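In the two complexes below, chain A is the common chain; its partner is chain B in one and chain C in the other.
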Partner chain A sequence: MKIIKRDKLKDLLNSFAKNAQTLAPVKENDTIKFLPWKGQGEIDLSQNALLPPKDLLFPQTEVMYRYTDGGVQGEITDVAAAAERQVIFGIRPCDVRSLTMMDDVFMTKGYEDDYYKSKRENTILISLGCNEPQPTCFCTSMGIDMMEADGADIVMYDLGEKLALEPKTDAGEQLLNDVDVLEDGAAEKPVAKECQLKADAEGLAEKLAQMFHHSYWEDLSRTCIGCGTCTYLCPTCHCFDIRRKNIGEEGFQFRCWDSCMFSEYTRMAGGHNPRPSKKERVRNRFLHKLQYFPERYGKVACVGCGRCVGKCPVNIDITRIIGELREVSVDE
Partner chain B sequence: MINVQQLRDRAKELLESGEVKYVFGWRKGTFWYQSPPVIISKAEDADKLIWDEFCLNNLSKYLLDYKNLDGKIAIFVKGCDSRGVNRLIQDQQVKRESVVLIGLPCPGMKDPQLAREMGESKLNEVPKIEKCAQCLTPNPVEYDELMGDEVAAGLAVEERFVRVQDLESKSADEKYEFWQQQYDKCIRCFACRNVCPACNCRECCFDQSEPEWLGKRVVTAENQFFALTRAMHVAGRCIECGECERVCPMDIPIMSLNKKIIKDINGLFGEYDAGVNVEDKPPLGRFDENDPEEFM
Partner chain C sequence: MSNSVAKQLEEHPLVPMVGEVSKIVDETPDVKTFHIYYEQGKPFTPMPGQVAMLSLLSVGEAMFSVRGVDENHLEFSLKKTGILTDALHEIEEGQKVGVRGPYGNGFPIDFCKGKDMLFIGMGIGLAPVRTMIYHCINNREDYGKMQIIYGARSPQDLVFKEDLFENWHKVPNCGVDVTVDRGDDDWDGNVGFVPPFVEGLAPNPENTVAIICGPPIGIKFTLPVLEKLGFTNDQIITTLEMRMKCGIGKCGRCNIGSCYVCLDGPVFSLEQLKVMPDEY
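Take a look at the complex of A and B:
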C-alpha cells in the first residue's frame, strides 16, 4: 500500500501527467467534472463529479471519420485513431461499476466498438472510496461496496490528511512504481457511513416483463418534462445518434449522445413515432434500466449514483419508482 | 401559510363534482426540501397535495399536454404560474375557459440546495431561492378564486436588473468570454426549454432534423446558437419565472440573458411585463408607429 499526503496530491497528478493524459475531478465554474490535469486547478474530492466519467470513453460528441466528396475518388480518413493512454483519478465505485456496463454494451455480444474499445484498453482507473455518501446516493442497494471498486486498477482510500493507494492490477502496480512521490505504508480501510436512500430492484425484471401495458406508466410520466437531464447525467445510459456534417467539399461523420426522453429519438423518416408521448418514453427509460438490460446482460443498469435523483427538475426518483413497481399489482 | 387542508378539500370537491378532470398541484418529494409537481385525476389522491416552502415548479407548462382534453383542468397558481397561464392563453395554446385557476399568494420559495446544506432545524433561516427573491408578482395576476391573503410585493424594482448591470459593465470581449465559458458547460438536455411556458411551439426548431437548424454536436458554436436563439425567441414573452435557470443541471445563469433582453425591450418599447395582463400585446408582437427604427 502507498500513502500520499493530501497537500502532495498535485505532485502525484503531475507525475502521472508526464506519461499519460490524466483526468481528475476539478471544480470549474461551480461544477465538479473530470478535466485533463494540466498542473493547476482545484481538485475537488468532496463529492462525486456531476458529469459522469463515461464522457471520457464515450464522448458526448465524437468524430468517427472524415471524408472528401469526390465520388469514387472520395477519401475516408481518420477512422477510429488509436487512443492515447489515460489515467482517470478519483473515480467513484459506482462509476467504476458503470464502466463495466459500458463494456458490456460496447465490447460484448459479437460487436466491438473500436472507438470505445481503444480508449477503454488504454485507460487506468484509480478509484476513490466514499467515506460519506451524499443524501441522493444508494449504491449499496445496487450491490456496490463504497470502499472497493471491482474493475479499478488502483483502489484509493480517503484517510483525511492522507490518501492510501492499493494497486489491484499489474497496470496499476506499474503506474505506482513509476512515480516517486508516494511513501510505503499501511493504513486501515475507513468505514463508510450508510446510504440513507434505498432501493431493491432484485427480481423486478420478471414482474416488469408483464407490465408493459400497465397504467402505472401513464401516471408516472405526467409530470416528466421530457428533458435529457436524467439520461445525460446517468453513467450507464449509452444511447447515441450518428450524423454527418458537410463543409464545402469535405465533411465528417460524428456520433453524439442521444436520449430516449426526447421526442425525436424514435421519430422515423416520414414522421411516424412509435413512442409518441411521454408515457412510452418514461416507460422505456425505466424498462431499459430494470428489465431489458438485466435480461440481456444479467444486471440492473443503475449503479445508484443518485445523479438523476438529485437533478431531475420534477423529482422523478428511481428509488421511489422501484419501490412503487414492487408494490403495484400486475393486473392493475 | 395557507392551510394545506383547504387545498386538498377544494381539489377533492372539484374532482368529485366532475367540474374538472385534473388538478395540477405539488406533492412532497423524496427529501424534505423538495415539493415537485403532481397531477391528479382522482379525488382520493387529493391528499397528496401540499403547499409549503418548496413548491418551486411552475405548473402552467403542463397545460400543453392536455390541449385536446374534453373537460377542464384546475391549477393552483402562484404569481409566476398565473403569468405562465396567461402566456399560454396569449400564445393561443390554452383557452381561459378551460382552466380553473386557484390563486395562492406566494411568500417566496426557499432555496432547496441551501436547505439541504443548512438542515431541517434551520428551515426558518433558509433564504429564498434567487428566482423568488427576484419576483415582481408573488400574488396571482389572474385567478377564479383566491386562497389566503395577498402578500406584499417583494422586490424593489431597482434590484431587478442587478445582474444585468454586472454584465453591462464588461467589455465586449469579456462578455463573449463569460458566455462562452457558461455555454460550454451546456449538455443540451433542453430542460430549460422544456420547462418554459414561453417555449410552446408545436414543434420546436431545435427538434427538427430536416432542415437541421441546430446541429447535434455539443460544441461551442452550436451551444451558442442554441442559447441565443432561445433567448431571442422568448424575448418580450418571458414571464421571468426563473424556471429555466433553476432546472439547468449545469447552473448556467440563463436569467442574466433573459433579464438583459427584458431591460432592453423596456428601454426601447416602454415598460412591459409579460403575462401580467393578457390583453397587452407583447412588444415584439405588435406594431406602433412610434417604435424606434434605428436600423432602417
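Take a look at the complex of A and C:
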C-alpha cells in the first residue's frame, strides 16, 4: 500500500501526466468534471463528478473515418487512429462498474468495437472509495462495495489528511512504481456511511418479462417530458447515432451519443416508428435497464450512481420505479 | 475474400469497403437494383437473408438485404423511400459506394434442407426472399418442391420480372404464381391481394417451410391464411426491419426486447416472434 498526503496530490498527478493523459475530478464553475490534468486546477474529491467519465472511452462525439466524395470518385482516406494511454484518477466504484457493462456491449457478442477497445486497453483506472454517499446514491443496492472497485487498476481510499493507494493489477503496480512522491505505508480501510436510498432489483427481470403490456408504463410516461437527460447522465447508457459532416468534397463520419427517449431514434424511412410515443420509449428505457440487459448480459444496467435521480427535471426516480414495479400486480 | 480485406473488416467493423456501381437496373418506377463491383473480389459472401450497410459516403448509410452475385459483385435492390435511397436513385453507373457487413443470421438453411419450400414475396419484400430462392436454385438437390408466390400493387410495380417470368420457370419442380392488386389493359394474370391468392393456391404444409416477406400489413393478413392451411409457427419464417446505425449490436436502437435485429435477426420464425414483445 502507498500513501500520499493530500497536499502532495498535485505532485502525484503531475507525475502521472508526464507519461499519460491524466484525467482528474476538477472543480470548474461550481461543477466537478473529469478534466485533463495540466498542473493546475482545484482537485475536488468531495463528491462524484456531474457527468460520468464514460466519455473518456466513448466520447460524446467521435470521428470514425474521413473520406473524399468529389462527384463519383469517393474513397475513405483515414480511419481514426488508436488511442493514447490515459489515466483516470478518482473514478468512483459505481462508474468503474459501469465500464464493465460498457465492456460487455462494446467488446462481446461477436464484434469488438475497435474505437472503444483501443481506448479501454490504454486506460488505467484509479478508483476512489466513497466514504459518504450523496442523498441520491444507491450503489450498495446494486451490489457495489463503496470502497472497492472490481476492474480498477488501483483502489484508493480517502483517509482525510492522506490518501492510500492499493495496486490491484500489474499495470497499476507499474504506474505506482514509476512515481517517487508516494510513501510506503499501511492504513485501515475507512468505513463507508450507509446509502439512504435503496432499491431491490433482484429477480425483477422475470416479473418484467410478463409486464410488457402493463398499464404502469402509460401512467409513468405521463410524467416524463422526454428530455433525455437521464440517458446522457447515465454511465451505462451506450446508444449512439452515426452521422456525417461534409466540408466541400471532403467529410468525415462520426458517431455521437443518442437517446432512446427521442422519437427519431427508431423512426424508419417511410415514417414507421415502432416506438411512436413516450409510453413505448419510457418502457424501453426501464425494461432495457431492468430486463433486457440482464437477459442479454446477466447484469442490471444500473449502478446506483443516482445521477438520473438527482437531475431528472420531473423527479422520475428509478428507485421508486423499481419499488412500484415490485408492488404492482402482473395482471393489473 | 482476400486476407487484407478480411483483416480490415476485422479491425474496423464499422468502416465500409468502397466499390463501384457497375450496373443499375430499373425494376419499377421506384425500385432499382444496384450491382457493386470490387476489382479485388467482393469483400464478403453473404448468406441468404443476411443484410449489409450500403452507403453514399457524403449522404449516409442504411441496412438492406444483400445478395452475392459472383466473385466480384454484390447486389442491392432498393425502393425509393428516404434520404439515402432517394440519393441512390439519382446516381449513375461508375459511382463509388461503401458497403460493410454481412450482418445478421440469414435464413435457417440447415432447417430448410430436405423440405419443400414455399416463398411468398410482396412488393420489394421479394428481395430478401429471392436470396433464398437463388440459394435453393444453386443447391437444387438439397430442397424439395419450390413454390414462389409474388404480389405487387400493379403490373408496373412487379420487381425482378426476368426472374418471375423467365428464369424461375426453367427451374425444375418450381412453380411461380404472380398476382397484382390492380391490373391494367395489358395484364392477363391474376388480380387480387396476396392473402386470398395464397388461400386459392392452397400450398401443402406437409414438410414445407414458408418464407414470407413484405409490408407488415401484407404479412399480417397472410399469416392467418397460412395458419388455416395448416402451417405451424415453426414452419413460417420472415424477416424484420428496424432502424439501424451500427449493425453489430452496439448502438442500441434495433432491439425488440432483449433481441437485436441486426445480430439475432433479421430472420425470425413466427414461433420466435410469438414470444418477443410486439414492438416492431
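Following the convention adopted for this analysis, the second predicted complex is superposed on the first by the 323 of 332 C-alpha atoms of A that agree within 3 Å, B and C clash if a C-alpha of one lies under 4 Å from a C-alpha of the other, contacts with A are read in each partner's own complex, and residues count from 1 in each chain.
Following the convention adopted for this analysis, contacts are C-beta pairs under 8 Å (C-beta built on N, C-alpha and C of every residue); 3 or more make two chains touch, one makes a residue touch a chain.
All values reported here derive from a predicted model rather than from experimental measurement.
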{"item": "First (chain B), second (chain C), both or neither touched by A:256", "value": "first"}
{"item": "Chain B versus chain C as contact partner of A:248, first or second or both or neither", "value": "neither"}
{"item": "Touching partner for A:160 - first (chain B), second (chain C), both, neither", "value": "neither"}
{"item": "Most chain A residues touched (candidates chain B, chain C)", "value": "C"}
{"item": "Partner chain in contact with A:288 - chain B first, chain C second, else both or neither", "value": "second"}
{"item": "Which superposed partner A:232 touches (first chain B, second chain C, both, neither)", "value": "first"}
{"item": "Touched partner set for A:39, first chain B, second chain C, both or neither", "value": "neither"}
{"item": "Partner chain in contact with A:298 - chain B first, chain C second, else both or neither", "value": "neither"}
{"item": "Which of chain B and chain C A:203 touches, first, second, both or neither", "value": "neither"}
{"item": "Partner chain in contact with A:61 - chain B first, chain C second, else both or neither", "value": "first"}
{"item": "Residues of chain A at both interfaces, chain B in one complex, chain C in the other", "value": "241, 243, 267"}
{"item": "Residue ranges of chain C in contact with chain A within the complex", "value": "11-16, 18, 56-62, 81-85, 91-92, 94-98, 216, 241-243, 245-246, 248-253, 255-258, 263, 277, 279-280"}
{"item": "Complex contacts: residues of chain A adjacent to chain C", "value": "64-65, 67, 69, 72-76, 79, 105-106, 109-115, 212, 238-244, 246, 251, 253, 255, 258, 260, 265-270, 272, 274-275, 280, 284, 287-288, 291-293, 295-296"}
{"item": "Touch list for chain A against partner chain B, complex", "value": "29-31, 50-51, 60-61, 135, 197, 222-223, 225-229, 232-233, 241, 243, 245, 254, 256-257, 259, 262-264, 267, 278, 309, 311, 313-317, 319-320"}
{"item": "Of all residues in chain B, those that touch chain A in their complex", "value": "29-31, 34, 36-39, 57, 61-62, 65, 116, 181-182, 185, 187-191, 194-195, 207, 209, 212, 215-219, 246-247, 249-251"}
